[in-house]
């Protein structure tokens, strides 16, 4: 009996933790829908082609990149164009460790080292910016410039002097032969390729999503949102705004790094094209289109936009970019808060209209009289 | 000169003004008094055109201007002196004045000098950036900026707000002088009892978004009456 | 002005050293020769400003006298061109705002800026969650809501509050930090008469019941007369007069700067 | 590896059963088993469209000719040509789709080496027969990859000795600052050694750079006998206009200008005057197969009257599809392992680049081609003429590093560093 | 390398490129609070319009060549084509402003169909404007590719070469561009400080509502500003049409310099761009000349990072500070 009550308590606490005003989706209906989608995802390989499944694991890996920006930008108000830098640095780091240290131990170490290096990189950059008084749009541009510096540098690392141990950075052509992530000591007992990678990415996304919900509805999350809303005022409530921003930025770097590791294990390859201007703006597009003050928005938008891009390149050919751009434009113009909040508002607006229909007749005629 | 008829207005469809009627004759100084939050500023903004009414009409100089954008209303002779002055902080005093002047087809050359008679301090500080001036000076600049456009009707939104008492009194006097010298019609909204008493020929009282009373010159002698609309 | 050399005087340094050792325990806030220039404009010119523990001080002066600038120098939102700020005997001149707040300073800005997306309760929770947890947190939140007079509206979105209620909420939030000194910048600007009375009551109540010292910037002298025991007059960036409200109101020089229009420097 | 293939087949079967009832997955349709399925992934849009789209067009020409001619062993060719949009990520997605969904018998894909390297791990994982046709730095020794474009050593090996002979031994190298450029610059050094010349200066230009005043300045300062230019991409094309306008009139040898991006037609003369390209093909090369009535050029423009140019890579796609045809005919099956074996039997083809009576040969050991190389010179009016030509064998992989895919499976790319190591 | 004259000569082209790349972006950003990520594509439109007009491609809708029947003297043709480029880009900017940035056209349609506006103007919505203009840039690059193919034939570079001793020479045109860049800045200074439009534009950015109630048609000010910024981008495209390869993606090569210069320059469009062009141009010329192009590009970006870090308000804020300090002393 006691244990039952305890577990209910734990569950209850968890349920409490992931609900709050900073995230969307409270209702029973929401969680029912969430469960259905989760089930559909878990069974995805049963009814989809292998290429669809592996492509999906790529998109799932990218959703973590989108979420890293949602946390930093959507919830703390720091728009970073640099998430791809942490993503790529983690990818390269994982590659270097994984290629040099054979076996699953190397890849496991690679995972941790890569995420750590990405976080460290974010921490150093964040310290340089936030403690140096760089703010707002200047952070955005500075992170973009950092990405471009990194790309210009990596593009020219083709020579042998840029070989670290067994791993050549590979310049513009990139670093091939990055091993799959594997668990085990000596002989791997679980290698994350194709289907296992899909489940690993799905699990990572699920854990990240629920974890972020808990974070954002915690005391710390409230401070993050407070900083987004009004930095000075939050400072005047005794919060060390710089440190919170630095911490969140570092955390965002780590999350982007995790995304990068999953991504390179999908490709077994990484190249500086992940740092192009286009690549750098993609996370911003995903988050802006999905709805930056939400977690679900960026996830949905990432998968939708990437999948749409593939669809268009297969079926439409040279008009794909035009259609892609038009869709983007329409969404930003008509749903400035993003797709997911926009749809939510639309649903409630339709609901209101329906309710209004019966009762609000009285005000209508007076308007016509004036006309 | 100005006729507001059955105006209903607000932000995001929550009405702040409801069924407001008022009129101002040429040459008058008319006050609108009321406590904070009764919709005085919204009323002025609706007349100027910064807020679009949901219902009702605004007529100016005999023309229906309800759907006229603010810059055209300004060109047809409405001068606006907003709450908080809203001086362009990075423009100099002279440039702020020229902003007012720029719609006046050059016929304000004389007036441009005239305003310095009223506000000599502005003449001294022509080259100073608007943002670095004190509140009282900014208020004078805001009035001067409206005047150089040679308006027929001046609209003042709480001229006393945030200004020290001595300057408030001076501004009341300046406005009366302007009204007499130039024949400029004035409509102002205010919650400062003494300003209302000193400035207005007659006065409307506003409560909860609508006009509830009209006070003539004699009523304005009676401080009790005025206070009854300003205090609960 | 004749007191310009004070900031350099070794005797004054002595005083600050004494302060640091806690000799003068009654003085909670002290600025020494504090000066702030914005480009060519000297907004605050060599001001020495002391506040006693538990005092309710008003800071008045004509527009542009530098009142808000002084407040911002005390909170650390601005850093001074010259001079030092001491709080409870410690030099806080170089500290970040949040460190000052953690030492017992608190401020309510002139323009209310509550977190509009959050409910009243969550607004109040934000300052308190840093200081307390569990039952104590709940208790302090209830206290803060009561102090703001908003217990009944705890679950209303802050954006739905009236202007006056937002001011109250902010004072409640600032007070919930349990400060030794609370700085209020024009807390009743744009409020109706009865809202003013409400705010005045909150301030005196906090001052008397919790012995929080206050510095209140205000230009409405009636309101000042209602709450203050001690008044400092700033004029053109300098301390012009200090004294009781009666002394100040009857001072002919103060009358002159307030009523006689702009004086030339 | 075999385990994966097995599972793939198993899953494909399972998946097709599972999809039978799902309308959303009509993508599966298409290829019946009596056609030969080719994947043609070439950039029709994006940054590489300028050079990628002739490849795409020439591939379709070859396929149409073969189909009109009765197909391969009586089987028609069915092709899939989605647009990878110059994005490496998209290349990998589409490659997976080609292999898993379309089950293609052979794949042509990609312009840049970066693209090739992006998909090569997957190609090797799936043991997919893959043709890479761009002229490139060389050195790929991979059992699944047939790199049939000329290598840097072949291209530079045709033009550099000619220029040393004509103008003198002092060489200044400018190259794009990435793998291809750096490796090509290394090859210039190797070839300079072999031809008793020396490299007196070397500069690498970032791909994003389009302003060349300081580069021109440095070349003028060094005053070489000729310049070797391995600049690539749209930004770098500006170099030629800018150097002409700055009055830099030193002869330039190149492996990257004109043959791919037809700068001699796009730029205003005399930007390309006195530029010598070492190529295996340009639409101007004077072979009978190429320029006669009804020749390669005519057939191309008959099919694509609006096409701007027929470039080097387009010919490579064209002849390699024909080589594939010969290999399938020889193997009598489209089974990929057997076709690879047939390709490794010394397939030849009378490609348009080769004069009458000559066929170019696919080297079994290296999966590269011994090309007939041309030195093409542009004059002040941008008329292009051949000044030298000969067959140049691919020697680096075969002789220097000893790549022999007929006896040993490899999946590696060698670099000039390996040349030095071999040479001691 | 011999620094000195050499370095000076090399400074001019990099200064010109940075200044010309940045001005259009800086104006639209500074006055309207709109970050135009399609700025590079506006430059591309300028270059395309110029090239098409110059080459007399009569069929190339929607442009009419400057000289379809060959009557203009050669010396006038290029300037006339460039003028076409500027005007076409300004016009194009106007269309973008009306349809996307201000939302006026969609709102006009919406008000007549569903009875309410659907689009909020992008003014002062930095991030939304970035996403929207990113969409525009995607569309434009591919649209131009689909309409005009993968590249256009180039225009020759006019003016020949300028030799400065020791066998060194540079394209005279590149030196001319530096002069044009300086002239553009001077004209902009006059426009913003001396003209009524400039004053109104500055007033509008500081307080839109007040400007309206003083009789300023702010809609028109925004339109004019966006057209001016677009026209300047078009001018950049026109001026660089002879120097660059004319391909749909060519705008990307300007975007980085433009952004970096705007941020390094700071709030003041003219002073900021001048200082940014000067500093970054010098850094690039120095490092490219002595250590090669790679060093030049990397150092340009590194210096940008350092400026953002240590002078976050941009170089023009330094000037303001010095001016204030000076005012204080006097």
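We call the chains A, B, C, D and E, going by the order they appear; numbering starts again at 1 in every chain.
By definition in this document, contacts are C-beta pairs under 8 Å (C-beta built on N, C-alpha and C of every residue); 3 or more make two chains touch, one makes a residue touch a chain.
It should be emphasised that the depicted structure is a prediction, and the values quoted were computed from it without experimental measurement.
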Quiz item: Can you tell me the least number of steps between chain D and chain E, where a step is a move to a chain it touches?
Solution: 1
Exercise. Looking only at C-beta pairs in contact, point me to the busier pair out of B-E and A-C.
Key: B-E
Exercise. Calculate how many whole Å lie between the centre of chain B and the centre of chain C, each centre taken as the average of the chain's C-alpha atoms.
Key: 33
Self-check item: Distance from chain D to chain A - Cα centre to Cα centre, in angstrom
Solution: 37
Exercise. Averaging only over C-alpha atoms, locate the centres of chain C and chain D and give their separation in whole Å.
Key: 75
Exercise. Would you please write down the residue numbers of chain E that are in contact with two or more other chains?
Key: 142, 145, 256, 294, 297
Quiz item: What are the residue numbers in chain D that touch two or more other chains?
Solution: 45, 177, 204, 206, 208
Quiz item: Considering chain B alone, which of its residues make contact with at least two other chains?
Solution: none
Exercise. Using the touch definition up top, name the residues of chain E that touch chain B in the complex.
Key: 196, 199-200, 202-203, 206-207, 209-218
Practice problem: Would you pull the chain E residues touching chain D in the complex into a rising list? | Solution: 1, 6, 9-10, 13-14, 17, 142, 145, 149-157, 159-161, 163, 166-174, 242-247, 249-250, 253, 256, 285, 288-289, 292-294, 296-297
Quiz item: For chain D, which residues count as touching chain E in their complex?
Solution: 45, 47, 49-50, 53, 177, 203-206, 208-211, 213-218, 220-221, 223, 234-235, 237-238, 241-242, 244-248, 261, 265-269, 271, 308
Quiz item: Which of the residues in chain E come into contact with chain A in the complex?
Solution: 35, 37, 100, 103, 106, 118-120, 125-128, 130-132, 134-143, 145-146, 252, 255-256, 259-260, 263, 294, 297-298, 301-302, 304-305, 308-310, 312
Self-check item: For the chain A and chain E complex, residues of the former touching the latter
Solution: 79, 128-129, 132-135, 137-138, 141-142, 144-146, 148-149, 152-153, 156, 277, 281, 284-285, 288-289, 318-322, 324-329, 332-334, 336
